[in-house]
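In the two assemblies presented below, subunit A is common to both, partnered first by subunit B and then by subunit C.
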Partner chain A sequence: MSWTKKILRVNLTEGTCTPEPLNMEWANDYLGQRGLATKYLVEETDPTVDPLSPDNKMIMATGPLTGTMASTGGRYSVITKGPLTGAIACSNSGGFIGNEFKNAGWDMIIFEGKSPTPVYLYIEDDLTELRPADDLWGKSAWEADEMLHKIHQNPELKIAVIGRTAENGCLFAGVINDLHRAAGRSGVGTVMASKNLKAVAVYGTKGVGSLDNPDAFFEAVADGKEVLAENAVTGQGLPTYGTQVLMNVINSVGGLPAKNMRDVGFEGAENISGEAMHEPRPSDGKPNLTTNGACFGCTIACGRISSIDKTHFSIKDQADKTQYQGSSGGLEYEAAWSLGADTGVDDLDALTYVNFVCNEDGFDPITFGCTVAAAMELFEAGKITLEDTGGIELKFGSAEALVAITEQLVTGEGFGAEIAMGSKRLCEKYDAPELSMSVKGLEFPAYDPRGFQGIGLNYATSNRGACHVRGYTIASEVLGIPVKTEQTDTDGKPELVKAFQDATALVDSAGICLFTTFAWGMDNIAPQIDAACEGDWSVDKCLEAGERIWNMERIYNNAAGFTADDDTLPKRLLKEAIKSGPTEGQVNRLGEMLPQYYELRGWTPEGVPTAETISRLGL
Partner chain B sequence: MQKSLHLDPAKCTGCLQCEMACSYEKLGEFNPSRSLIKVFSFHFEGRFAPYTCTQCDEAWCQRACPVDAITLDMSTGAKIVIEDKCVGCKVCTISCPFGTVNYVQQTGKVAKCDLCGGDPQCAKACPTDAITFIDANATGYDRMKAYAEKSLPSAEASA
Partner chain C sequence: MKMYLELYASLMPLLPPGNSRFRREIKVADNAVVQDIIDQYNIPKEQAHIVLVNGKFVCNERDQHKLVSGDVLSIWPPVAGG
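This part shows the complex of A and B:
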């Protein structure tokens, strides 16, 4: 079975925790985690709900492979309606808490209502209760994590917690688990704060077992691990350089956006790359990178554990910053891009510092970096002045400005309160909406849609806004996985995007990490699910479930008020050609791809799934 | 040849595959809380360390046990807990200097690593060779070799 077949319903208004059986009919159609939790959300909430009202629900969900020996089988997701976008929000995280939920006997936890006072959920197997969190409120995620470990005297306790940005209403706050892993995007942490829920602390001792076919499971899992170990990306590139292996690669092929995506190509890319993290620094002879670390059950171990140069201005001689003197998580490629290339800052230590703060106080570095970049462009254009910023010279390339604005965001003071709204609201306020580099209100990750046609189509159609991990066509357009497609061609891209989006929806519903798909195809993944779970999980069934999940999310978004008009890219990416480099002259040719994409999906030209599609997928 | 578990913290990534393998071998379920090998994460130092019983020749746990529930597995050199004899008195948990024999509330007995009868599943599951099962006389071999290499005159100096 591999599901625990039990979910916990936590009514924060009433203060109750009620177990109920998992709906196995739905599990058979939506598998787990992203798919299954979205099904619950769709069935139980109104898509037009205000994301920050008590009527919105928030679900923490594991997949059937979470907590098993399947490589990377430790993932969990937070599913809700997102306040930054108003679209479905589903943020996936690694670390160790996913396994703990499963070992405590819970496939998912549904939070509903709003607690009258701050609380945290404590789970120890069947013991589940809401406890007062008045003394935790106002503390950073790291402080709260330490306090909860002390209160419960259990070093094995796993904790998911929000930081001060969420409490302050920052619309892109995430949920931090295990200190440096995050359900980071779309503002899922902001929803958690709106419910007065500070943390979830869980310890599980029940064991995850009852594999449907143990012999087949261990065989499929061993095969999968071997494929990961022998693959150049998952076996060498990711363990050595992490996702930061991409910085120089993407820059060299003309796909690295810079300075609020005004440019493609960043002159400082090398200074903030995975390779640079290995270089000894002058002050103490140590490199930025301390080691690589794995999430639960992961045989890739791409995670970066790094340190800031103690002589760097961000922490030097500052008694209130002792928590940043040691090693912690980061930098990953997306953060290095958004905080670095997009703001024009090539100071590796400044980026590491800001990334630590993102983890300590729980906010999305992608949206944050992009919003700062937009503010920098507004500042340059004179639309934002020194008076607005409280004296901060918000210039592209200024590490000092980046650090200052980061610290303001945490406290919610000064101009930080404006950055906290994200780039869309910021640029609208300052009368330059075209400068927000976002889709459906969510800022772009680190691949320019002009340099890669496929990723542009994926961003435009992604159900949570501009997101690379909804359909990572870069695998094909740069790395040739599973086959190489020309990055500047639009031919075949609608098919590629659809295939990647559907497969990803399934992977995100299984409890494993998307990064396995650098090496694994569905023919590696389906046998692991099939052997673990009851029922027949063939490749075809997995792909159909992925497509079903994608369409379910689309229908939710349409009902929430999104239309085909929202499946677009900022004008800059459709009209302003790349000025130089290998992709000079390119714009994104979305118009060539979108109609065909709709047709392939079985949607009307207005982007609405047809009755036939709905019936084919059993929606 | 007697073999020992050899633990190399520098190679450990903290993935806990070993803990899952251990608990599955003993309990038929993935249950890190019941694993007999533990991986410790020293997060702010960026270090991970697997740790388990080293199978002392003159084992404190064995000497301390008042009911002779801990015996020597002649084939592997492991000190193993005979569950039927163990009375859960916990004296062995006090006597072990390394903390690697522990009481288990769920069973009322103690549990410790028994080298899986000579085929330790943790070593098999480790993806980075941080845990290996090797000749007990040669656990220092790689480190010795590394230092021997350092003692070589440099290519430049010897030329």
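This part shows the complex of A and C:
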């Protein structure tokens, strides 16, 4: 339905919900979702704002293709200033709620201020109301979801909700929608909790409309779906094995970090891999993987729906854990890596359990797993003691310790309260800041920057900290998409990183899933946007919009206090060479790439966009 | 000579019987190249997408890349993640 041209402004302090027209001048420059919502945030907030103060704003935003027939057109994002990093935070989620926002007639919802008491936002088309959520506060995301469905007696209601970790102030809490999809990174759920906003419940009946050129749109969409279906990755590989198939690939090519990124290569990788999820288990003959799943409008269906072995220690004979007896979402590769390889745990059922808890109580498994891994290294070094952990033997490889600390994080009790601050603050507190594997305060995903030079540059320069889906050069460095580049070369990587970052910013602003780009180029995406939206959305305009969005985020971060000194990697990844395997001897050679990257971007050597760049992009 | 073949994901059924999940010790001719093994184990050309020898990519030179005793040849079909 392209843009609905309507946004909802929710003032939580005043308790008001006010419709506004969408700023179409901005939409023409920033498209939607990530780009357009960031433009609103930039215009309406002070970049130095305390992320958890009422003066920070939080925006839930769809893209123009959200809710349309475009494949994967169900995405939405949560945009705010993140409390974990202090940088721009933009977390993207699938599921079904993005479509529901559009069907109710809203492009985005801007939340401002802070409610005096817990509330939730109820939307039924034009009916928009803040309602009391005192009974929902203190409940997990899954419990609150069930309660809201019962209150409204509407199985079609779509819900985005925070869990108990957000309420407890965990700095990496996310926003859960549709039970197991998440705007997961950077602590966007913590911001939501700081506003006393427990949930958003939406039901839309308005349907699709306002396509600029319906005939051209359906033709472009059909062409796009054909490309996805015929591509071996999006048509077969992702639906069958999901993202988790990468576990063995990345381990084999010498790029799988392990044990707080101290090692590269994990001996237990195959036990937690996508293939292992297919194997029948001895207790009941069923595999961990129940089925694959798809988000709204998706013709790829990479999602994993899995179950825990009922004889596993995490849930066996525990009456208060009946919610984990059935099938639910996960494991995906990033979670399996952070909760598994990075903590040294190769117990697939333990990881599945912890991932379910991440979904039930809304926290980022990447930051959580990495923070536990950092704590394990601190424990090994004697900087954290049994007295600190309340008796938990926080050793690498201990599934029991991982499960115990997960449950403490949810309640906010014991050592869980320390894990809740993320690895940067934890390692600073215990006088070992160098053990935090993070950039700008955000922990790394599952690709070692020493094994892949390009992804290292992307991590160092990513606007939200160490994030793989800001510029997923692994597509090229491993998978050969669109062309294979040598993983240990730095030549050409600045160009590669910039191209991936700009294209991703556009995709994240359109309302579709980044995974389409395993098969689609901008020449597949631009015609769909162009036919849906008014204006001329050529390939060149799309790429320029992506670059504009990237620079806008950069300028915001610079104004928030970040400098070129923050475009770096932990010393371990720059100085400590990989000890063995196919990438033996490698460190990340960031210094060879960063100056050229700045130059390509039209930034000064200090990482500041030049006046010429600002002018060229109309910023 | 002896070497090791690893097949992953949907290629696993093409492995000869054995105990390891992914790996088999195999005997090959002394002058074998990567493509010989791909052919010998009936791996469709388009399914040999990621091909590694000892963890290093073999992209366009599969007809020329000679294997030596003890090499580990690892093959995946087209897959992705994120």
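Criterion: the second predicted complex is superposed on the first by the 618 of 619 C-alpha atoms of A that agree within 3 Å, B and C clash if a C-alpha of one lies under 4 Å from a C-alpha of the other, contacts with A are read in each partner's own complex, and residues count from 1 in each chain.
Just so we're on the same page, contacts are C-beta pairs under 8 Å (C-beta built on N, C-alpha and C of every residue); 3 or more make two chains touch, one makes a residue touch a chain.
None of these values were measured; they are calculated from a predicted model.
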item: Superposition on subunit A - do subunit B and subunit C clash or fit; value: fit
item: Touching partner for A:G15 - first (subunit B), second (subunit C), both, neither; value: neither
item: Following superposition on chain A: angle at subunit A, subunit B versus subunit C, Cα, nearest 10°; value: 80
item: First (subunit B), second (subunit C), both or neither touched by A:L246; value: second
item: Contacts of A:G397 with subunit B and subunit C, given as first, second, both or neither; value: neither
item: Touched partner set for A:F518, first subunit B, second subunit C, both or neither; value: second
item: Touched partner set for A:G535, first subunit B, second subunit C, both or neither; value: neither
item: A:A301 touches, of subunit B and subunit C: first, second, both or neither?; value: first
item: Three-chain overlay, closest Cα atoms of subunit B and subunit C, distance in Å; value: 16
item: Of subunit A, residues touching subunit C in the complex; value: 231-234, 236-238, 240-246, 248-249, 252-254, 270, 274-276, 333-334, 468-469, 472, 474-475, 478-481, 484, 486-487, 514-515, 518, 581-583
item: Subunit A residues touching subunit B - in the complex, by the definition given at the top; value: 67-69, 71, 96, 99, 103, 156, 179-180, 203-210, 225, 229, 239, 290-299, 301, 305-307, 326-328
item: Subunit C residues within the subunit A interface of the complex; value: 6, 8-10, 12, 21-22, 46, 49-50, 52, 54-57, 59, 74, 76-82
item: Subunit B residues within the subunit A interface of the complex; value: 13-17, 20-21, 23-24, 27-34, 41, 43-48, 106, 125, 127-128
